[in-house]
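Next come two complexes, and both contain chain A; in the first it sits with chain B, in the second with chain C.
This part shows the complex of A and B:
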């Protein structure tokens, strides 16, 4: 399903990151960073709540808005029962919708918010996501202090919180259209190669978006996928060419690859992942380039592996989904 | 889109083409050297205990195992043993150090959820399998030995 919007703008964005992200190439562009993984909290789970709350405080401060100006709060994360979002929403005391699409959560939130604004049901919608490396490791994989080796295809869940305030008042960057993806099953079962799980979902959504709007790759300055990693990125390039005859040329990049310095930061293996991964890259780097007019139109396709450890142990395939939004510079 | 079986197979082939090669030779070599070193350390400890404490070498090997478990757990708690394991792989996972590491790391991880519902319930998350099948196979092989060799 592809929808066009006339009246949805990005008021402001804010990013908070952990130490690994701060060591990456985008370090100076984040609004706030922490040196450790606990941020003064008692547990890692509470630390993730702090990440998201911090990003909300920052975005409201930057946009000079009060909590009461937020008509609707949409948020999601990777914790079971999207706990980090719920506990953050408790402090915010605004109408709250919790969402989950794994690492595609951010675009799901943005397109939902855009729909609320376009239909005039809300004036200001706050969209937040977070993830925490060690919380995800604990929940989806092994204890964080366990050193069992992982293959080179494994990705590294990014630690951070990111918030975006959508508004109906004219700003420098607008959300121009969105495409909602479908769950994809391409018989992938390796939880340590999420790039291969998600690439077909990204290919489907990119193709659907372009064909629904009768556009080509050339109508965009940049097409960004969420967190496919270095291997997933190459898989997508090949797959989208063979399956949909789309050549991504030099207009394509992946947020998971951009967030870290893959040569120096060996611990991230194939790149970053997690719902906050793509949000951190888009909010710190891409939005600024759109505001300055360096980029005119960007297709942001966040990709999520709908991965459940129980189903994988029961020998079921891992599903994936991708949602796209098109961001446009208003100059 | 969700392709049929042929498409899924084709896609799997594409994925395999892009899979990075694991450095199997290098990994095996490191595991061999580190695992061998662990054996040397173990033997030295056995000699040390049996000489200085004046005990039989079978008693000394129990002391040796306890020593290795202690240091693997201590280093895990101090936070650098996971990096060693990641480097040496099976060189440290297969000896008793890997068993101790898996238990300590789980214990640290779930301490926050309480001593009973967290630490107690989850400490054997990784090591439980080893214990269960270790005991079961010991029982089976002990039984076979009893039948064939008459318990000798």
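This part shows the complex of A and C:
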């Protein structure tokens, strides 16, 4: 489903990262970073709450807004029952809707927020996501053995919190349109090769977006997938060409590849993942280039794998979904 | 946040239940029931997918609509990473947004669907929820020992799937308004007394709804909470009177109390719970009374406890939230 918006702008964005992300190429563009993985909290789960909460405090400060200016808070994360978002929402004390689309959660949040603003049901909507590498490892891969090798296709859940304040007041970057994806099943069962699981969902949504709006790849300066990683990125290039005859040319990149220095940071294997991965790249790097007019229009396609460990143990296929947001420079 | 709608109607609803719900007082009003807990599936998790899928097949049949008529599918459940909804969405093959508000998920879905229809971004939105008693026991209370006694304040997760097809075409029942709640923390840590955890969230949202719309309890024929159970129901009555000076009079009931025959079905202890609990009662009983004009206006306040087992083990407080939908007879 593709929707166009006339009146939805990004007021401001904020990013908070852990040590691995801070060592990556976008290092200096993040608003805040931590040197360890606990940030002074008693548990990893609460540390993730701190990441999201920090990003909210920062975006409100940057936008010179108070908590009470937020009409609606929309958030999601990977913790079971999205508890990082729920406990963050408690601190914010604003109306809260919890969402879940795995690593595609951020674009689900942005399009829902855009919907509330476009329809004049809200003036200011705050959209947040987070993930924490060690929380994810503990939850999805328990027991994670020390020194247990992973295949090179495995991705590395990013540690960070990211928030975006959407508004109806004209700003430098607008949300121009969105496309909601459908779940895709390619009969894949390997949770250590998420790029291959999610690439077909990205292809479906990119094709759907372009065909619904009668556009081509040339109508965008950049098409950016969420967290396919180096292998998934190449799979998408091939798959979208063979399946939908779309040539992504030199217009395509993947946030999972951009977040880390893959040559130096060997621990991240095929690249970054997690709901915050794409948000960190878009909010630190892409929004700035849109604000400055270096980029005119970007298609941000967050990609998510829909599964849980129980489904993997039961040999069910891992599903995927992708939701797209078109961001436009207002310059 | 309270929003009024002019143009959002319920096309049809459908309910599917397990054996415990079928033994309750609403027995004959459910569209379909199963005698066991597996429904021919290989796992309990897949059985829950069947419950939700069945309710979708039924609602589309009753409404004489095809899958392709559904513009958008919104769904949530209690399984980690809402996998019951994701795997159901795969079968439906329509644009899908995953949501999570624990047992308040159904009203989150209905208000989001109403938003898409009111703003003309969609014509037909399908909203589904499910829960499965044994999936929840396995996931939230593992290891569940045979014969292990629970306190009488414990509620019983309902087994069922429920779907509602929202439309912009005039029907017999409309969604008139909604109120989005905020997370509430009353420093409670007992996962076997959810009624007491959630009652304050219900009180907050009922008061917010009434004050935002400048209404009183007398503007409703019925105020219906989601799944507080017998103890939570009395706590809400007292709490909302002392905290907000609201007397619920004879206008109040709770779906967790209505779903089962609490005198005969001792195994359900304080009443039903789970995202599907309130949906089963509203879709089998309340909608019918609204269609026939026996009820003119009902405030449906689904209540959810925001937590997961990890947070309980770490001695974090259990949070709660409630979202309200006002349903009106169009007669």
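Annotations for the structure displayed:
One rule holds for everything that comes next: the second predicted complex is superposed on the first by the 327 of 331 C-alpha atoms of A that agree within 3 Å, B and C clash if a C-alpha of one lies under 4 Å from a C-alpha of the other, contacts with A are read in each partner's own complex, and residues count from 1 in each chain.
By our rule, contacts are C-beta pairs under 8 Å (C-beta built on N, C-alpha and C of every residue); 3 or more make two chains touch, one makes a residue touch a chain.
The model shown is predicted, which means the values in this text are computed figures rather than measured ones.
In the superposition on chain A, A:40 makes contact with neither chain B nor chain C.
Within the superposed three-chain model, A:185 lies in touch with chain B and with chain C [touch as defined at top].
In the superposition on chain A, contact is made by A:238 with chain B only, not with chain C.
Of the two partner chains, chain B is the only one that A:152 touches; chain C does not reach it. In the superposed model, A:204 lies in contact with chain B only, and not with chain C. Contacts of A:144 after superposition on the shared chain: chain B is touched, whereas chain C is not.
Judged by the touch definition given at the top, the superposed model places A:196 against chain B, while chain C stays out of reach. Counting residues of chain A touched by each partner, chain B versus chain C, the larger count belongs to C. Counting contacts as defined above, chain A residues 42-43, 182, 184-185 meet chain B in one complex and chain C in the other. Residues of chain A that touch chain B in their complex: 42-43, 138, 142-149, 151-153, 182, 184-188, 193, 196, 200, 204, 231, 234-235, 238-239, 242. Considering their complex, residues 1, 3, 42-43, 45-46, 71-72, 76, 78-83, 86-87, 89-90, 93-102, 108, 112, 115-116, 118-119, 121-122, 139, 180-185, 306-311, 314, 316, 319, 321 of chain C touch chain A. Put simply, chain B touches chain A in their complex at residues 1-3, 7-8, 11-12, 14-15, 17-20, 22, 76, 79, 81-86, 89, 93, 101-102, 104-106, 108-110, 112, 125-126.
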